[in-house]
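As structure tokens, here come the structures.
Common to both upcoming complexes is subunit A, partnered first by subunit B, then by subunit C.
On to the complex of A and B.
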């Protein structure tokens, strides 16, 4: 499947898929859609990316962040130090590899943690009802509305949790299977 | 504590426990700590729930404040709380056993979260007040069972799991069909509302109810391994390691029986004249076939697996006699059996931990080397067979007395004979494993694990914990008998149940 057309197209389509999945997620309370289907659509973006580039590259691009840092020298002013640190992590990302004084951390989002976080958010959104002295999963809505998303309340949180759970689940499957 | 919270704790605690275990995926020690906390909390939650239903008989809550016949109902009565508590006790014991008795690989690859999710499924089945949700919770429970049974992916495990999965999915299909049929007949799936509907003698669809009940009879028959449908059980229960099979063997078939008793006292009551003799025959044959199967085995775990089937027959016997005393006997027997069966499995695990085999032929001489373990086994085994001061006796006494009062002489005679044969196969294990001198020719072939006394003592801990409970309900049977009678009374007089569910439409806003 590694044709150049597919690989190039996927680079531009991935954000579209993700945006659409979020749209589906938020319209889900009153219209067809919601966390489950949103999560599936969101995972399509990454599944295609894995097909086009292999799972290693997908993980590198979307699920891991390399953070560069170095210790502050004596003659280095504090502002300059922060400026360099931010610079090395944003617009001058290539340079730190070349110099020995930079160390780095790798922050990685594992699908299992995504599932756990999603489940946690979903369950906790239900517990909010209990904490407010009503029954489990009793909805709680904030006053007022936000233009695109609509009203904010615990059902949105629940859907977001499901979204993350489904996304994590599919990604776990895809990453494991593409390795074999 | 508000009853909403009490009803949800048995579901939320294992779920949060499993979540925390997932968060600590790579740190097995932390997972164990989180799982331990969750087990203790689950036990405490179930105990509080039992105390609450002792005072209030029935408590219920509606998820999301949606009123009763439409929203999701959670409801607990004495029966469900009792089963939950028994499950929590063996959950704690199995957890303690797993700390030393399970290999690190399995612990690291999700044993704790899976066990907790399985427990959540058990809580769900016990607490749900809705037929469809009952099905869903059963699926949650079974999927965790599949994963646990195949955890580690050895050849034998995969073979056993495959049998288990295939047959249980078939059964789930039947159940789902049954749920659909009930819904099309009565237009409701809420257990309390259904119970009211089927007790209206003029309902036009009432004669079709027994047709629907057959779906459930077969579906739950497979899941709780009654007579013609039990063959998956001995094929799969002996394959996984003890820390897994002890919990599954101890609890899961009993959950099937729980739903049996619940549904056949609450909903499928219109055609008892047809169902009860059928159940009586099935229970008699289940006892008989299970125990005969066990007599033919020469493997510690397989004998115990076959005995599960035979004991299922006793639990069904109470339902087949259908008097308050008989159902109380069944409930007593379920609680007793959950504890004793798990304990016997754990003991077989302790033996195998040292001698690396379950085969009766290769084992021997355990009495000489581990006399305390032999004593622990003896008490549990006699309790399973039903020797007087121990717990199995009271359950069988209640069942036999109820059977004689109701005139089911053949069934009672069968159950007593089966007791004798049970005693025989327990004696067989005792003779072969603990008493007989080890065959000299095999002495060298057995690679004995090096004795680590501290580790061995830690393995005794859960066994002793369970034995304390077994002795307590044996020697001091009165509290549990009272509880079972309360539970049976609640099952046969459902007004309180239906009223609590249908009128408690969350007056709070």
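On to the complex of A and C.
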């Protein structure tokens, strides 16, 4: 599967897929779509990436963020310090600075966390109804509409939860299976 | 009363934390809480003594009759005082007994939990409330017996106690529910008013049997007595508290509580008298054969419990009085003796009678406590045990058989009392047992207090315990006029003669004890058929059979599981279809075939061709691709019939399935036919059955289309109320959102399950 054309195309297509999946998610309320379908499309984006580049690289690219950090030195001005931080974190310009003084943290999103977050969001959206003195999962809508996304209410939140859960679930399976 | 229990539970939960914070001083707050509860229950005394019943009620699940209802009358108060006071002493004692234990905090957790559960048991009026407490005492007893979890005996004994009392608990629940159905009331006070209904109801006999099984397992009556001696594997404070003074009396308590409801028909009285009588004699006889002090005490406890049950079965006013007095006396002296035994064990490292000689000079406070308790146990004037024994004899004077039972148990008690109160401590011996260390304050103070109370209550029997016991007797007899006047001295009556005779006989038996101990080995073959052996045999057989059954059912082949599911589903469908028998009429709808369009036929043909090809192919890759083709065709059908949401989902799922298969493909072994030819036909038959049933159901559904308002309602409301034009999605996330929530939870759980299955590597012996 690791042909150059496929691999290169997927590198550019994955973000597009993702964007499309989010679009499908918010579109679902008025047109075909929704959280479940959106989640599946989003996961397919990553699955293709896994097929093309291997799961390790997918994790490195999309589910892991390395944040570089350095304490400000005495002789550096505040502006330069901030500029260095931004530079190091966006263009990874670490080399010029002696890397010993740089620390880094790895932030990782695990699929299981995504599942848990999704479930949490879905339940939370139901609790809103309870807090307002109605039954569990009673919908609540904001006044007015937001361009592109449309009306905002707890069902959208619920759908987002479904989206995250489905995404997390498929990723968990695919990552586990493609290991070894 | 509810808040008292709440405080108990909170204290239990706090115990390990306190232990971590203040170490061994945790004993101070725990004893204080038990004392606080004791004082709290004492405040009920004036009202209860005037004959009032205090009631407290909180709704819990009113629809099912499950409410937190509490009621305080004489019987409840007697038990509550006993439990909380004894609790305080045992808490103190335990810190001396387990002074080096790392898990002391956990021990206090269990002990306080047990105390709370027991208090809940004796104060609850609602049957479910009682049942919950009942089970909680079983569970905490399990935890306490198995407290020394490194010891295999302790674990086995704990497991046995839990199984026996737990099974009894289930029987009890069934019995209580039957009673409540027949009287349509869920409280003991309500049941007492409806006693006529209960006793005439057809459920009376099964209810009585079930309740008796529950109470007999808890109170260690024959043939369920075997768990109690084994439970002596627990630390001694536990044995003293749970297995002699309180928990085993829970069964007695419930029998007494239900006495006004169920007593009357002969079956109740005879069942109680038979079981109680056998248990009393059996316990007495077995007690004399052992040389382990704790075992001796355990068997005399069983015997005493048997006597209590017998008295309840007798049911006369005298018998109930005797039961209550003896219950109090027994709790006091037996608790003391257990605590003293624990102390001996702690100081010398053994409990074997034949190795213990002349301990008195080294442990004189314990010696005094043991002697005082033993005198009470033997029924010597002026201890409360004397009053109890007199009453026991007096109530059974008319029945020779019961008198004999009483006499045998009494003789055994006297012999055991001499062993512990005299022989171990004070008999001069040449080889005096060496003490490893002296017993501290915490180890001799509680038994001394209990033994002193035994003497005090005996002397003051007519003024102190008498009014409370009178209220207790009224609760048991459901008779507001019952009188209970206790006095220490009855004059020279035949009963006094019997008492003296018992003591003399007991001394005789004591002098023959060494001979008995050498001869008991001859009885060993009999015990092979005892209930304990039967239990172990049943337990082993159960495990073996269960394993065989599971291995037969769970053979590990995916196809078997699919087959079971399909067959079960088909069975259900067939059952429903033949029960409701709505016929279908295809001929009326034959014209619909004309409406079939060409592209539908093309897709249908594609599916059939793919299926035929699938059955023939031997390559996994091909079958996956063909399966994908079938799935996509199904999605095409959805589009043709106007269900874009479903179609999209189907497309995506098919894609993912193929991809996941491809990921796993190289791990699968080569494709081979392992099944026998006959098995293949079996599978074909099952799939044909399943397919044709589904087709039939589809045809049926179309014919019997029910005009529904629902479609219209959703159509209208989805835009008006739910702000969405896509009805499918609005139903999913809004109208039926709870269903979706359940489904995604299942998805998450399934994903975790698959994850652990994939990570599990049985060949390498890996863990998930």
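By our rule, the second predicted complex is superposed on the first by the 174 of 180 C-alpha atoms of A that agree within 3 Å, B and C clash if a C-alpha of one lies under 4 Å from a C-alpha of the other, contacts with A are read in each partner's own complex, and residues count from 1 in each chain.
The rule is short, and it goes like this: contacts are C-beta pairs under 8 Å (C-beta built on N, C-alpha and C of every residue); 3 or more make two chains touch, one makes a residue touch a chain.
Being a predicted model, the structure only gives us computed values, none of them experimental.
Peer 1: Counting only touches as set out at the top, which of subunit B and subunit C does A:13 meet: first, second, both, neither?
Peer 2: After superposing on A, A:13 lies clear of both subunit B and subunit C.
Peer 1: Counting residues of subunit A touched by each partner, does subunit B or subunit C come out ahead?
Peer 2: Comparing subunit B with subunit C, the partner touching more subunit A residues is C.
Peer 1: Look at A:22 in the shared chain and tell me whether it touches subunit B only, subunit C only, both, or neither; answer first, second, both or neither.
Peer 2: Neither: A:22 stays clear of subunit B and subunit C.
Peer 1: May I ask you to decide whether A:139 touches subunit B, subunit C, both, or neither, giving the answer as first, second, both or neither?
Peer 2: Both partners, subunit B and subunit C.
Peer 1: Is A:120 touching anything from subunit B or subunit C once the two structures are fitted on A? First, second, both or neither.
Peer 2: After superposition on chain A, A:120 lies in contact with subunit B alone.
Peer 1: For A:51 in the superposed arrangement: first (subunit B), second (subunit C), both or neither?
Peer 2: Once the two structures are laid over each other on A, A:51 reaches subunit C alone.
Peer 1: Scan A:130 for contacts with subunit B and subunit C and give back first, second, both or neither.
Peer 2: It touches subunit B, and subunit C stays clear.
Peer 1: First (subunit B), second (subunit C), both or neither: which does A:172 touch?
Peer 2: Touch partner of A:172: subunit C, not subunit B.
Peer 1: Is there a shared patch on subunit A that both subunit B and subunit C touch, and which residues make it up?
Peer 2: 112, 115-116, 119, 123, 136-137, 139
Peer 1: Where on subunit A does subunit C make contact in their complex?
Peer 2: Against subunit C, subunit A makes touches at 28-37, 40-41, 43-44, 47-48, 51, 112, 115-116, 118-119, 122-123, 126, 136-137, 139, 141, 151, 153, 155, 158-159, 161-162, 165-166, 168-170, 172-174, 176-178.
Peer 1: Which of the residues in subunit C end up touching subunit A in this complex?
Peer 2: Per the touch definition, subunit C meets subunit A at residues 644-645, 648-649, 652-653, 655-656, 659-660, 662-664, 721-726, 728-730, 732-734, 737-738, 740-741, 744-745, 747-748, 750-752, 754-755, 758-759.
Peer 1: Which bits of subunit B are touching subunit A when the two form their complex?
Peer 2: The touching residues are 2, 4-5, 8, 12, 15-16, 19, 22-23, 25, 61-65, 506, 508-509.
Peer 1: Please name which positions on subunit A make contact with subunit B in the complex.
Peer 2: Result: residues 110, 112-113, 115-116, 119-120, 123, 127, 129-130, 133-139 of subunit A touch subunit B.
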